[in-house]
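The next part holds the structures, each set out as structure tokens.
Here come two complexes built around subunit A, the first alongside subunit B, the second alongside subunit C.
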Partner chain A sequence: MDKVFSNKRDIAVFVGPTLLLFVAIVLVPIFVSSYYSLLDWNGIGRGEFIGLDNYIEMFTSSRALNSMKNSLLFAAASVFLQLPVSLLLALILASSIKGEGFYRTVYFIPVLISTVVIAQLWSKIYNADYGMLNTLLKTVGLPELARDWLGRRETALVASFIPILWQYVGYHMLLMYAGAKSIPSEIIEAAKIDGASRVRTALSVIIPLMKPVLKVSLVFSVIGALKIFDLIYVLTGGGPFFVTEVPSTLMYTTIFDTFRYGYGSAISVFIIVECLVFTIVINKLFRTE
Partner chain B sequence: MKALRKNVLLAALALVLAVGLAACGNGAEGGDATTPDGNAGGASSDNKNVKTIELTLWDQSVGATDPSAKLIPEIVDEWNKANPHIQVKRTGTSGEQYKTKIKTALAANEAPDIFYGMGGGSFMQPYIENGNVLDITSYVTDDVKARIKPGVLETLEYEGKLYTLPVYTHIANLYINTELFEKAGASIPTTYTELLDAVQKLRAAGITPAVVGEKDRWPGMYWFNIIAMRQAGYDAVVEAFHDPSKWNSPDIIEAARKLQELAKAGMFNDSMFSMSYEEMLGAYNAGNAAMMFQANWVNAGIEDPSSATSGKVVVVPFPVFEDGKGTVHEFLGGSSDGFYISANTKHPDEAYQFLLYLSEQLGTRGFLAGAGLPTWSTEGLDTSSLSQLDLTFAELMDTAEAFIPWWDNVFPASSADTHKNLIAQLLAGEITPEQFAEQTAQLEPTELNL
Partner chain C sequence: MPAAISERPGRSRAAGTVGSILLQMFLILFAFVQIYPLVWLAFFSLKDNSEIFSGEVLGPPRKFLWTNYARALSEGNVLTYFLNSVLVTAATIVLVLILSAMSAYAIARMKWKLSNATMTLILLGMMVPIHSALLPLFMVLRNLNLLNTYWALIIPYVAFGLPVAVYIIASFFKSVPREMEESAVMDGCGVYRAFFFIILPLVRPALATVAIFTFISAWNELMFAVTFINDTEYQTLTVGMMSMVGTYITHWGVVGAGLMIATIPTIIIYLLLNKQVQQSMIAGAVKG
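Let's look at the complex of A and B:
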């Protein structure tokens, strides 16, 4: 093994193909998109170079700013609502309870289902006329609460958070569960001997030792929320009246409905930069240990 | 020995992976019917010294109740049997996905030889202007023109040239569920006042007067389009399309006001903003609403034996306004979707032959199957299999004096989007009619010759 690692040529041979693929499929399109974002172009024919005008428009357009606000709200909801729930479930499951394997599987099932299917499922649950939610409210005697969840400005955004948070709780739970399980049992026993309660052990021992896993979950959760597309697109299409719009759906409708490829590319570059910035910030936050 | 076995296993594993990759690659290309470059595979010669040409056809007729979904494969089969050296391979993709797919393919210069395009204008316009579509003006001979109904070819011309042939056309009218109307004691409206009256009676009887799938925004647009046409009249609307400042006029403001009045009177379903077009059809066909303003492509679903509306729905022209300038002979719709030939096709002559065959066959047989209204001559056709709805549409079509296509096809793309959003806001009561007219006046003029 050492022989392989120390021989630079061998490393190059093994890394080469993947690096090539990565450059071709990931890096090159990003650079090409960045170039397109400087044009006023309808996707076919010639584009007109307009410099940073697309970016200026993006940061002054109330619709674009609203979509950015929505994606940040999603990120916040993921971090402060979804991750704590995942953490709690992970810690409970990791403490050797009955049915550990069963619950682990059950919580993970939504992750396996296609996002489009989840969106269809929830849009039927939220349906104003025959949806499960309204029917449930009417049956338990709360018909005033029944409403058009996805069709009203006030409720559409919060209503669209829930399927996303619900879907990936199991994913993060699994990551954290693996992290919690990998802590040597001697440390947990030592804490028990010292007289620490379950909760105290969790807070002072397990969670600090899980930091690397928490960082990974945090990064995935935030990036996923910033990039989200398919669920919003199928659930609400960005509506009603753009209240649930996020940068990726805005980009999609800009390009395919209004033929503005340059502006759409600018939005895509923004999403990439935003994700990169957040990743770096999160990494830095965790590195100050 | 162990080392040898390990090496053999490693080699075998590598081989399996490589074969798997190759198989996947080939499988994807061979089995994937959407390979755009069909011509590459077509130059193989058969033993008769005649080259077999392969043409690719893309369309969007895949709906379960869409008559074209059955007709197109039949027509392609017939052509393939009759023309062994011009084989056509067809791929169907549904509605909104089709739009994305064809736009992407055209932009990447990988368009199929023949493809379906939404008629009227703003959909195909950028591609025609960019030279992606074949100009077929010189191919269309006089005897072909003679077989097409008068006035139709003119609506398809773009800057005096032809890029497509008509298939069938659609107009929008008001569908009335007579059973629900009787239950409420309402009479079929012929004027605006009668329409408001019907709304009140239907609501009093606990029936949703009309269902509209405003999540997709264009169903609501149809309502505003016809109301504006009835209020301002055909000429004023056409004028405004060419000179957008005319949108800010008393008639348009009044039309917007009437739409809001209808909405406030409870005309539409409460769930309209989260209901899609498909869900609207489902709701109407299940008998959940009394009226719907849509085009004749919905006929098949309404008359389907499994629908609660089968045999109970009639169609009437949209009511006339007592204070409006529009007449009952002015219709929303009338343009024809059609098939276009890619400018990059290697076989333009054969592609045109197929285009002519497909357009005429689908146009006439589609009409007989209730897919649309005829644009080709209907002499000698047996119309006995048409439903009552289809026949009524054909009758109404004969009374038509003027057509305006769906406005999101007349406006240029970006303006069409804004137009639909403004109507949605109007329906929600978020902007006043005056604001609506002001903002509509900011839209761009049409690039079609209406």
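Let's look at the complex of A and C:
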């Protein structure tokens, strides 16, 4: 029997193609990017080796630093604004409320829609002349609040946060809901018999038991914010005057608009390392507690 | 992995009628916030400019202007983008399913020294953002003259889709009893036949999960699509939408129709299989 399941050729046939694709397309490029990041190179001919100069430039350029600041603000907004709303919704729905399935299904719809569509939709919502937001403001008698939300420096960044927070609230809600539902009902019943109120039960019984799923949500919202590309690229392209730029869009324009392949690669390496560091830190935080 | 979605039997004692009415109002309001922008999109996809620009942008269209859809499909090239998306997504799903099922099987069931190491490597791969591969892949695809072909998207989509897929299917294999395939092999059926005719049918639920998850990510992907394809003939919906919006910047109705066409397949799948889609997104939550 063991002979049949340990035939080397069969194993190679089963796992070989996957491994090959994975190594060639997912793993090797990381090293290639790291190498590119040490070059001064416009993609034509050979690049010149310049050591860590691209990284030094990245950490001293106010444009790059601003993009990093934006992605960190984005991560903070996800963690402190989006996740609490998701948690609240998840706890309400998990408490067997009327319409549980309906609400869950509806809240989740935006998650499935392409971010390109979401971004185009929100650019119409924000449109200065005919957009939904300004029309609403005029309808309720607050025309002085209407403005060009994405076109002005003061509002562009916040206005570009909102669509993504809106889109993924339902995703974290679903993860947390599943986590809350997987808690054995006896534990919750026991708390109730002990006279704990609903809020009390949620705070001291349900939420502590949801720790694993809360960790997943935290990692996803932080990493998702650090990697964000689609929404900003379509909605503002990083403008006006780079105020909404994030590392991914800066990487993209550096490579494909200004043809600075080395510097762009340094930004991509920064994004990978940043994501890795945050994943490890969040996992550590949850382990030691 | 979080457990399946199932409704617990409702509680018999309503905990304060006023409280639960307020709660329902909050939930309905939130549902409205989540859904109204999409309804609004559906509305303006059926309007003409005079209606949109006369300040009646919020409500339903006075008369349904289906010609917006016809214009988007033909003049706006959305039909081409749509078919390209279907082709790329379908090929990605099929390849991901075959490759991940085979390798998950080898990892979970076959006996070889490096099987655990391989699994760890693939799990690590789930954390790699696609940003890291963008420029190196662009260079390779350019040198191989593969830019502006379907393969330029299918190959990277498959490679980046494999880690989660292998993880999901391998975990599922662990719940399938070994006796089935062992007795099959004992009866003289080779590993390949045992795999395709006995094992694969058993892991159908895991395959469905992977298929849905892969569909959502391939259908919606933008970064590779915008970089590797600039020929309209091969553009998928996400990139196509961007160029269409540029062309029809003042024709909201046509743009809206294009966005609706890009979204409708996902919505139909979701309406038909909403529990399965939700479970699949939960299972996919191992990807960072």
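In this text, the second predicted complex is superposed on the first by the 267 of 289 C-alpha atoms of A that agree within 3 Å, B and C clash if a C-alpha of one lies under 4 Å from a C-alpha of the other, contacts with A are read in each partner's own complex, and residues count from 1 in each chain.
Rule of thumb we're sticking to: a contact is a pair of C-beta atoms (placed from the backbone, for glycine too) under 8 Å apart; a residue touches a chain by one contact, two chains touch by 3 or more.
Owing to the predicted nature of the structure, the values given are computational and were not obtained by experimental measurement.
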Clash or fit (per the criteria above) of subunit B with subunit C on subunit A: clash
Partner chain in contact with A:144 - subunit B first, subunit C second, else both or neither: neither
Touched partner set for A:186, first subunit B, second subunit C, both or neither: neither
Which of subunit B and subunit C A:170 touches, first, second, both or neither: second
Touching partner for A:239 - first (subunit B), second (subunit C), both, neither: first
Comparison of subunit B and subunit C by subunit A residues contacted: C
Partner chain(s) touched by A:258 [first = subunit B, second = subunit C, both, neither]: first
Which of subunit B and subunit C A:25 touches, first, second, both or neither: second
Residues of subunit A that lie at the interface with subunit B and also at the interface with subunit C: 43, 129, 256
Contacting residues of subunit C [partner subunit A, same complex]: 2-11, 15, 20, 23-24, 26-27, 30-31, 33-35, 37-38, 40-41, 44, 52-53, 55, 57-58, 99-100, 102-103, 105-107, 109-112, 118, 121-122, 125, 127-129, 131-137, 139, 155-156, 158-160, 162-163, 166, 182, 185-186, 190-192, 195, 216, 219-220, 222-223, 226-227, 237-238, 241-242, 245, 252, 255-256, 259, 262-263, 266-267, 270, 274, 277-278, 281-282, 285, 288
Complex interface listing, subunit A residues touching subunit C: 1-2, 4-8, 10-11, 13-15, 17-19, 21-22, 24-30, 32-33, 36, 43, 89, 92-93, 96-101, 103-117, 120-122, 124-125, 129-132, 135-136, 139, 166, 169-171, 174-175, 177-179, 181-182, 185, 198, 213, 216, 219-220, 223, 227, 229-230, 233-234, 248, 251-252, 255-256, 261, 264-265, 268-269, 271-272, 275-276, 279
Subunit B contact footprint on subunit A (complex, rising order): 42-45, 123, 126-129, 148-152, 236-237, 239-241, 253, 256-260
Complex interface listing, subunit B residues touching subunit A: 99-100, 103, 106-107, 126-127, 129-130, 132, 215-216, 269-275, 283, 288, 413-414, 417, 421, 424-425, 428, 430
